[in-house]
Amino acid sequence: MIVVMGKSSGDKEINDVISRLQAEGLAGHLSRGVERTVIGVVGMTTALPDLRETLVLMPGVEDVVPISKPYKLSSREFKPENTLIKVGDITIGGDEVVVMAGPCAVETWDQVISTARAVKAAGANILRGGAFKPSTSPYSFRGLGEEGLKLLAQAKQETGLPLVTEVLTPGDVELVGRYADVLQVGARNMQNFSLLDEVGKAKKPVMLKRGMSATIQEWLLAVEYILSQGNRQVLLCERGIRTFETATRNTMDISAIPVVHKLTHLPVIADPSHGTGTRYLVAPLAMAAVAAGANGVMIEVHPSPETALKDGAQSLTFQQFEELMAGLAPVAAAVGRRMAGKGV
Amino acid sequence: MIVVMGKSSGDKEINDVISRLQAEGLAGHLSRGVERTVIGVVGMTTALPDLRETLVLMPGVEDVVPISKPYKLSSREFKPENTLIKVGDITIGGDEVVVMAGPCAVETWDQVISTARAVKAAGANILRGGAFKPSTSPYSFRGLGEEGLKLLAQAKQETGLPLVTEVLTPGDVELVGRYADVLQVGARNMQNFSLLDEVGKAKKPVMLKRGMSATIQEWLLAVEYILSQGNRQVLLCERGIRTFETATRNTMDISAIPVVHKLTHLPVIADPSHGTGTRYLVAPLAMAAVAAGANGVMIEVHPSPETALKDGAQSLTFQQFEELMAGLAPVAAAVGRRMAGKGV
Amino acid sequence: MIVVMGKSSGDKEINDVISRLQAEGLAGHLSRGVERTVIGVVGMTTALPDLRETLVLMPGVEDVVPISKPYKLSSREFKPENTLIKVGDITIGGDEVVVMAGPCAVETWDQVISTARAVKAAGANILRGGAFKPSTSPYSFRGLGEEGLKLLAQAKQETGLPLVTEVLTPGDVELVGRYADVLQVGARNMQNFSLLDEVGKAKKPVMLKRGMSATIQEWLLAVEYILSQGNRQVLLCERGIRTFETATRNTMDISAIPVVHKLTHLPVIADPSHGTGTRYLVAPLAMAAVAAGANGVMIEVHPSPETALKDGAQSLTFQQFEELMAGLAPVAAAVGRRMAGKGV
Amino acid sequence: MIVVMGKSSGDKEINDVISRLQAEGLAGHLSRGVERTVIGVVGMTTALPDLRETLVLMPGVEDVVPISKPYKLSSREFKPENTLIKVGDITIGGDEVVVMAGPCAVETWDQVISTARAVKAAGANILRGGAFKPSTSPYSFRGLGEEGLKLLAQAKQETGLPLVTEVLTPGDVELVGRYADVLQVGARNMQNFSLLDEVGKAKKPVMLKRGMSATIQEWLLAVEYILSQGNRQVLLCERGIRTFETATRNTMDISAIPVVHKLTHLPVIADPSHGTGTRYLVAPLAMAAVAAGANGVMIEVHPSPETALKDGAQSLTFQQFEELMAGLAPVAAAVGRRMAGKGV
């Protein structure tokens, strides 16, 4: 952290800042420039996340510039090698590209099992499906609840596909954890800190979606909540951010994929279904994500999207999903990766 | 809702859309233009919030354009007259401008009581203070919890000021409701639908902050969650949205105040402390909000902001708050309003 | 400027950075912390705006953090007292609130003169009107060109109101300057550097609108282009920024007004007509802008907005403008200002 | 266009709207629903781009919803087959992926010729380089001007690579056109309509970069300016949009690539150098762009980025560019394309 003193600040203001730092167990290193005097803060500031807020109010201080990253456990500095996460027979975070696929929301047994079989046949590795659904409108379908979890569990048993499904509230973590192989925390809950604490105590991998307007730094701080509770199995999921553009539902931030790989040791999954909101964009963006280094993709598939209770417009049919899978494999190969579960 | 057919669509596609609408209990009204054929959807579509998603997938359909608003109970069409909300002796939503003030987070008894006394003396109507604090970093201060609520309750008893305080998770609604006069739902929880359901069942006014990247329509749909559970006492709070500008922590959307007044019957409060994140901007933005028609303002005040555990940089000192109150009254008068609690 | 070295950087990398700084005529001040070594750059860096770009590539460098502001002539540090700009009898930048009003685009003599008389009668100080109009679509009305300037000049002669009008391209600066008292550079041209250079050589005040997605810093750098060519009479104009919100055409950044006052010595005008795009929002946002300290407002007025060739939806009728003027005066008074041209 | 009438509107208001439409040579088709009456506008509205603005002001009108696209010549409806653009021996817009590469700004003969030779050797098809440079700060390097164009022309002669270079102002179009094979209009000039008119009259292909905060629709309307002047050889270039994220300079909107392909018949190029602003992100985003269907990429390359006068941080070294080219070819092949100039 660097404290930038105003041009007209004098020795008293400078000394007061240094004393304040000393009171916090830190040291201040003075550097007088032509235009500005700056004070470098020497010591561990991660444990004092709000120090900036108060230093900035001290007389003579013009600005306080953070230079350390505010997250620790998720950083590559803390753990240089990639974190590998096992889900069933699949390892996420290495050379393989994993595919999670299934319906947005669980509706009926027929819908779930036919989709599960179709995505498995096409090469998907993990079954996705929502039993508890967040919805912008209170008048939308909100999911089947535990009944939906049971249908998913049955589909898992029949197909052997592990499950990823969303948990909405701290009180449901235990329940959802009984059925799910991966607990998903959705974009709207990225800063639901009570929920983060709770999944941080679970013994299951957690997939944390990026909030619609979350900076990458805020996303990594949300990850830090989970890691600091002891759960080190966290997958990040880029699902589009909110921008001024209205031609797509969200703007898929493909650059977040290599940025996350540089900053952290954790795997990153791309969700082009929510990232674009439109069916014809799912395949090109899935391919772009894999080309940019994503560790996997999550795709919404439905037996008849035009009757889906949720997110029909972005769901692929079985045939479209099969075509996507056929298209993804050569892209993965082109960047030195392979589709998970396909052998070497 | 209007279904826009593609240029090359034929009678079969048009008839299929109309049949589909009939299957949903709606009618389709055909209108053939020079460039496009459109089908007007006749019937109640509020109960079918996901219909657009599936119609858009039908063969021949180019776009589906919603024309009704997706919220109902919060709209001025549903209830033309302003909703008035009583909090202690104060009525929010009428001609009076209410002021909520206090520390960001409750830290100590001395801090709470000295602030409560100071803001009351300066004319504030409601005491604010956080006992459960959401924090971007897990290493930040997260509040005193119930201990903080008790300190607030004691300060209420000594000063007579009603309390507004935040609730973070559904499981805490009952606890926080025992102490608070107004339950605050923060920006990060605006789409925490489990929490919205729960405060919708409470018998207390709820103040719902706008999410950092929430459109006004999404905000009103979040309000709809609360109203549709039976709680009709909802205050909206504009607290700044996320934009590309970095000179301020958020961009205070002052235009949201008159927009909300036009679309709904509910009161709207402005929070320039979080809206700007910087002390010198609080007073000008508070005045702007009142000039634009806000029903009240919420202001962070701290006995010594430079030692605050949270949000010091945006907190006013007692004296700065007193000056702000002196400045607000003539602005309220200039727009035909008066400060609450000041008599006529 | 602070160079932040990576954790694993060694003496060689540090020395290379220092040598590089010395080669640019600067010095490097070393500060070794617990987590990071940082090098403070001592010397004038304003003249080396791209230095950061190259330092960041040097081996061992993790980040380069600017701490000086990149603009100079527009800063309050360079010139602490407010710049006052005379336009006709009016002085902008002091205690008075100036009002610029008129049609978006000049259409006919009747339209211009009736509007000029109406806004003058209501108390406006400067006539606005566009002869050269930027339009998103090539099929929109693009203005009357010099013919429009002549109509404005005639209206000026009849009413005594000075003129503000837009110039679109460097080749027109001389022509527009023959008619206008203030040269307006529009939001879409805020980074049209050839145009900025050219108005920087003019002997007239320039009003520079903020670009739709310009940070305040970029805006001040655009101002710097004009000032550095010798023209020190620059007015800034906040006209709304582009955000995700679609309920308003733009989001009026009211906080930019006090931020600009803190950072620069130049006056700032608010344009709530373009800032909101909707008639009913113009008055509340104009009042908010004045309450927040704007030196003036610019308002679109049209004899019959429902037949306007441009921007009808945001134009006030004569009567609405009169009501707005009646509403603005008490707000100005409430914040210790007065409407220009009204005497003390 | 659909006119949505308010709930309380009566026959008079409806008839007035219909009369108004008839006065414009259009017809109004009435459709009475349960909640709303809507009037479908029948006739050509592209020629009346501002009609919406005025209809929305008529008594009883609640909203006016456009349903036709406001651009015509650039739309796939107008011209279903892809536009192919010849530049030297290369055809852009078909199965081949074209690579434009070179320095951000032309600095010296050595720099230009060494870069031209290196990028040609690595397989680039077109040489890029700026002689007129837009710069946020007036104190930055602004290019060598015509001297730079001459150096580029000489490099073209020696290597045979055609040239793409930026033109900043209408007065320079003729000059730049004497040297360039493709005229580039930069992001900051996307809505510099005088410049668009001028390049629309040129007999050269134009590459139009997307504005930092331009919607895809606004971008296509800017293209429409050029097309409607008679120049049908337009390339679009996605170069990142402005969002709240600060980890990258811009957010590359990869989804814009397939959206543009769906809406228009024109080729689209990706510029990951400006799109990310950071060297390590250029290769993954270039690969993502090709995977998503881009017709080409534009890459900044410099003999020694750490001494570049402009944009060093995002420039690749010769070796990094060679590695990128080696990586791009298999990605192109994976999506059924091939690198231009490589034969079949």
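A few points about this structure:
Lettered A, B, C and D in written order, each chain numbered from 1.
Throughout what follows, contacts are C-beta pairs under 8 Å (C-beta built on N, C-alpha and C of every residue); 3 or more make two chains touch, one makes a residue touch a chain.
Computed from a predicted model, the values in this text were never measured in an experiment.
In terms of the distance between Cα centroids, chain B is separated most widely from D. If you compare B-C with B-D, the chain pair joined by more contacting C-beta pairs is B-C. The distance from the centre of chain A to the centre of chain B, each centre being the mean of the chain's C-alpha atoms, comes to 27 Å.
With each centre defined as the average position of its C-alpha atoms, the distance from chain B to chain D rounds to 39 Å.
Rounded to whole angstrom, the centroid-to-centroid distance between chain B and chain C, based on C-alpha atoms, equals 31 Å.
With touch defined as above, residues shared between interfaces to two or more other chains in chain A number as follows: 213, 242-244, 246.
Those residues of chain D that touch chain A in the shared complex are 213, 215-217, 241, 243-248, 251-259, 262, 275-276, 280-281, 284-285, 287-293, 327, 330-331, 333-335. By the touch criterion given at the top, residues 46-47, 49-50, 52-54, 56-58, 70-71, 134-142, 168-171, 188-189, 191-195, 212-213, 218, 221, 224-225, 228, 242, 279, 305-313 of chain B touch chain A in their complex. Within the complex formed with chain D, the residues of chain B that make contact are 2, 4, 7, 29, 31-36, 38, 40-45, 63, 65, 67-68, 77, 242-244, 246.
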